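Presented below are the structures under discussion, each in the form of structure tokens.
Okay, so subunit A shows up in both of these, paired with subunit B first and subunit C after.
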Partner chain A sequence: MELKEKILSSYVAFENDININSDIHDIRTEALQNFEKLGFPTKKLEAWKYTSLNSVLKDDYSIFPNKENTIQFADVKKYFIHDIDTYKIVFIDGKYSSFLSDTTHDGKDICLMSSALKKSKYKAVIENYFNKIAKQDNLTSLNTAFANEGAYIYIPKSVEVEKPIQIINFTTGKEEATLVQPRNLIVVEENAHVQIIERHQSLTNNTALSNVVTEIFAARNATVDYYKVQNDNVNATLVDNTYIEQQTNSEVSVHTFSFGGNITRNNLNFYQKGERINSILKGITITEGKQHVDHHTLVHHIEPNCESHQDYKGIYDERSTGVFNGKVIVEKEAQKTNAYQQNNNVLVSDKATINAKPQLEIFADDVKCSHGCTIGQLDEEALFYMQQRGIPKKEGRALLMYAFANTVLESVKIPEVKSRITKLIANKLGVNIGFDL
Partner chain B sequence: MLKINNLQAEVEGKSILKGLNLEVKAGEVHAIMGPNGAGKSTMASIVAGKEEYEVTDGTIELDGEDISELAPEERAHNGVFLSFQYPVEIPGVTVTNFIKTAINESRKAQGLEEMPAKEMLKKIREKSELLEIDRKFLSRSLNEGFSGGEKKRNEIFQMAMLEPKLAILDETDSGLDIDALRIVANGVNKLKSKDNAVIVITHYQRLLDYIVPDFVHVLHDGKIVKTGDASLALELEKKGYDWIKEEVNS
Partner chain C sequence: MSKYTEDNLREELKTKEYEYGFYTDIESDKFEKGLNEDVVRAISKKKNEPEWMTEWRLEAFRVWEKMEEPDWANVKYPKPNFQEIAYYSAPKQKPKLNSLDEVDPDLLATFEKLGISLEEQKRLANVAVDIVMDSVSVATTFKETLAEKGIIFMPISEAIQEHPELVRKHLGTVVPTTDNFYAALNSAVFSDGSFCYIPKGVRCPMELSTYFRINEGGTGQFERTLVVADKGSYVSYLEGCTAPQRDENQLHAAVVELIALDDAEIKYSTVQNWFPGDAEGKGGVFNFVTKRGLCETNAKISWTQVETGSAVTWKYPSCILKGNNSVGEFYSIAVTNHHQQADTGTKMIHLGKNTKSTIISKGISAGKSQNSYRGLVQINSRAENARNFSQCDSLLMGNECGAHTFPYIEAKNKTAQIEHEATTSKIGEDQLFYCNQRGIDTEKAIALIVNGFSKEVLNKLPMEFAVEAQKLLEISLEGSVG
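Take a look at the complex of A and B:
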């Protein structure tokens, strides 16, 4: 049976298993119909021209792993940012792990989507925010149809969350191929502030496919810093669909670090629904082998006096391929917009490929929009300089790549995240340099 | 210490060095002068091991060993230092971290342990004082946003830290004002000993007022065509290179 058929035929069982009378039953059903109509994306779609999921859709996925799998903290500690205190929302094969998690309801809700969907006290938030900005496209619809588990974060007015929140989705690889569809909802009220780290990690080399949807709402003056750590195993594919709505004076930053995995597709969408909003989108991509990383970003400037800053750095080695498609729309009313987009790529091998496509649609006349896109090689002169000082070629190359990606790294606000990322970069480049990169 | 025999090299099929001979002994200072395009910087890069130049003939010996097949980092580990005419910028890597890495990579290659942090700091302090370098400067990203003079001073600081056997200074004086020139030259002189050697590549006599050479060579069209003592530099300053070109041609 094809994956699409298999998914469609399992829907009834899925809804029976959770709660058919759920408030979001209608939303799910509609989404399922949508997915039935659209199916999985193919290269015929403009948005998927350079990314094919065909190779990962042929596997026989276990859709609802029923078994409660457990893992020992010691075995997975390294995937956490463990040198600082954090809240943790952890899932194993799509199921919540209370043992590995550290949630709270004290003055804020940092907990589970499944319980938020069940309990009446969350009804208003779900009604106001759930599936309000997620697109009705193929894979988001698929996620919505099966939306049940994920992180639910509600930060009330003026609350500054005292420590970061980690959302970690493990797949154990107990099945040959596992499909998980986490659904996260994050609502940050006026003047509130939260920092979130998200990671998807498979624990074996068995196939894993994660189709994630995250909706983030930042109210007036709210601040959200979001870090996506993508360093998964070679047979793990991730489709990340993140939708962000911002109100006046809010600032949301998303840093995406794509080092691992098989195919990684990031659909990152910002909708600015107020004035003086700042949206920050940054990414470092380092790939090798046959890896493929696709960044599709959208910033929709709707009102005047807002800013957006995009800075994506990519380093592609061996036969790996990359896509950067950065779309900025500036509506007619959005005067005095300041939209900045930078995408720099280094092809380390002559077999690597990058498809870069900046798309600017500007309907206002008094705006500052700049974009720059470069594709190049490592600077041989700089490499020679370092070798001349006794630094071997491999380490020299690593230092150069680090220097290249540094503009993204330096805006990471959590020092422990920054040092973890630098370590991941050093690991990825196979070097051990005498200082924390 | 350094013995270059009949060195011939080309880049992209174009012949640049056409049989260059040079011998530098420990304790000596050699100046290499010559018109633009004579091959001075090429010679420096080739001794340091830059890969884009193809050595078609001749040898480069350091202490009796042919180094012409060694990688640039291996030559560095053997004590070759090149002060770049245009030092490169490396954002995100501080001067201190860079020099620590360079020193420890050299030590690693020689089978030594990393230099203890305390010793490293002491050395950094000493050498930065020698070159009148502000502490704040050391925590800045390497060469990023440095003025021309700061870049050159930083090169000599690295030389002081690495203590090479053979230092080649490629137009270290360009971009330096007179005060910076004095500080840099003074630094070089203090680092000078009977066991090491310096090759100074320059267009101008003024650097040689401070770093006094034992020999001055004129490089023209890929070869050393004239060698003299310090007075030759003064003569060149006065008369230019045309008379040498005429001598060669006749």
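Take a look at the complex of A and C:
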């Protein structure tokens, strides 16, 4: 049975487990119909021109892992940022793991989507924000149709969350192939501040497909600092759909570190609904083997005096492919916009491919918009210089790559995350560099 | 149809207005509206074409029938009804005027601003000129010079008769009949166009533009141009004219193919100033053009274009850099004003080793127009050391227009070096103020700034056109100061 049919027919089973007499369920049903109409994306769609999911859609996915799987903390400790105290929301095969998590309701809500959907005290927030900015496209609709579990974070006015929040989705790989669809909702009220680290990790080499939707709302003067660590196993595919709405004076930054996984597709969408907003999108991608990483960004400037900064660095080795599709739309009213987009790529091997498509759509005249896109190699002379001074070629190359990616790395605000990423890069490049950058 | 000689030409010019490429009896040459295989056959028959040509057209037609009109471009327009077009009609005889006094004063004012000479003004405005003999002699001299060098330059319909082996060998090799909707349509029904062949090692002694200026009358609705530069040759070719062209044909779908064999160089410049529609956006020409060049080893193709006209432009002059060390260049200025829409850019396909390409695109939008750059740079896996530099700058005037860039960059080779830059800006208040302070009024100051903005491209045009194109920019943007 094809995956699409399987998913559609499993909807009835899904309905047995949840409360179907709610407004949310109408949204789900509508989304299911939308997915039924659209199906999975194909290369014929302009947005999926360079990324094909065919190879991962043919597997026989288990859609609802029936039993709750447990894992020992010691086995998965390495996937956490464990050297600092954090709130944790942990899911195992799509089910919440209270044992590994550390949530709170003390002055803020850092908890579960499933309970937020059930309890009436969250009703107002859910009604105001749930599925309000998520696009009605194919995979987001699929997620919406089965939306039930994920992280629910609500930070009230003027609250500064004292420690970062980690959202981790583990896939145990007990089944041949697992499909999970986490749904996260993050609402940050006026003057509030939050830092979030998100990670998806499969624990075996069995196939995993994650189709994630995250909606983030940043009210006036809010600050959101979001880190996506993507360093999954070779058979794990991730489609990450993130939608962010910002109000006046808010600042949201999203850092995406894509090192692992089979196919990784990041749809990152910013909608600026106020003035003097700052949006920051940064990423480092390092791939090898047959990996495929696709960054699709959209920044929609709607009001005047806003800024956006995009900086994506990519290093592609072996037969891997990279895609960067960055779109900036500046509406007629959005005068004095300052939109900046930078995408630099290095191809390390002859078989690697990069497809870049930086787009600007501008309807206002008093704006400063620029994009730069380069594809090139590491500086052979610099490498030679280092070799002359006793730095082996491999380390020399790694150093140059660090330097190349450093503009992104240096803007990471949590030191522990920064050093973790540095280690991941070292690991990925197979070097042991004994200093922090 | 008997062979057309220079004597006929002289006769022709003496007796009536010379429409280059169209000279057969006018009354009988009008087809019913609509398009089917019979019409294609009839066009071919009319042109007295050999069998292979008819077959070629029919094949294109059959492909076209199955194709759908593309809608990916960032332009909006009512889709033409292809059955409502008469696919073969000799150009309408324009009413002949006796002196410049009878010409539309607006047109004259434009000529004046462009700095076109009085004689040429008359010719362009279709005034009976008494210096026809002069012009014939000039044309003849040119023709003789070209013939001496072995350069073939003639309407493509004649070339099919006289040099079938050359045409057959090259036609459709760069833009196959199946390439796209409009290219297929053009292949099926093209009425005429130009064919140019430069033999081995010959450097064409004049800008073919000069020749054009003297000879070209009306251009057809479905033009087909084929330029072949044999090994080691050079040619500079200019199409179009800075003078405003009014045309009753709304749809134009031309195909241009350039072939630069080893060590050859082709420089192809276009100045396009078709009727853009009035200030409300009514009328205006739809310009859907497929232009592509093929570079063999060490060859170079350089496209330069100044686009100021047409209501809708859809045009991507491209280079296939097949041979090693070949070079492709694209320099473009696209100006849109009022309700004009332009979706234009280039494709650079790097196949050979050490291939280089440069793209400089300047978009200027004013009024309520939309101006898009759409380009592709593709480095294939065997294209070692390929190098590309792209720069797309947009200038916006007023807040009702839009500027868009859609660059596609695909690299499959690690030695590739690609740079792409794009900026969007407006004319700075302080720049204008600086000019005003020095006694330059705002309109002139804008012209000055726009010229500075587009200088890199203007410099690439043949001399005399550079001057006119500069003025053309000023005229196109007149009244857009807001």
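Worth a mention:
Going forward, the second predicted complex is superposed on the first by the 434 of 437 C-alpha atoms of A that agree within 3 Å, B and C clash if a C-alpha of one lies under 4 Å from a C-alpha of the other, contacts with A are read in each partner's own complex, and residues count from 1 in each chain.
Assume a contact is a pair of C-beta atoms (placed from the backbone, for glycine too) under 8 Å apart; a residue touches a chain by one contact, two chains touch by 3 or more.
What you see is a predicted model; the values in this text were computed from it and never measured.
Of the two partner chains placed around the shared chain by superposition, neither subunit B nor subunit C is touched by A:L53.
Of the two partner chains, neither subunit B nor subunit C is touched by A:V180.
Of the two partner chains, subunit B is the only one touched by A:E410; subunit C is not. By the touch criterion defined above, A:D366 lies against subunit C but remains apart from subunit B after alignment on the C-alpha atoms of chain A. Touched residues of subunit A were counted for both subunit B and subunit C, and C has more of them.
In the superposed model, A:V348 lies in contact with subunit C only, and not with subunit B.
Of the two partner chains placed around the shared chain by superposition, subunit C is the only one that A:I375 touches, whereas subunit B remains out of contact. Within the superposed three-chain model, A:Q387 lies in touch with subunit B and out of touch with subunit C [touch as defined at top]. In the superposed model, A:C111 lies in contact with neither subunit B nor subunit C. By the touch criterion given at the top, residues 379-382, 384-393, 395-396, 399-400, 402-403, 406-407, 409-410, 433-435 of subunit A touch subunit B in their complex. Of all residues in subunit C, those touching subunit A in their complex are 72, 379, 381, 394, 396-426.
Residues 46, 332, 335, 345, 347-377 of subunit A touch subunit C in their complex. Subunit B meets subunit A in the complex at residues 45, 48-52, 71-73, 75-77, 80-82, 84, 87-88, 90-93, 97-106, 109, 114, 158, 162.
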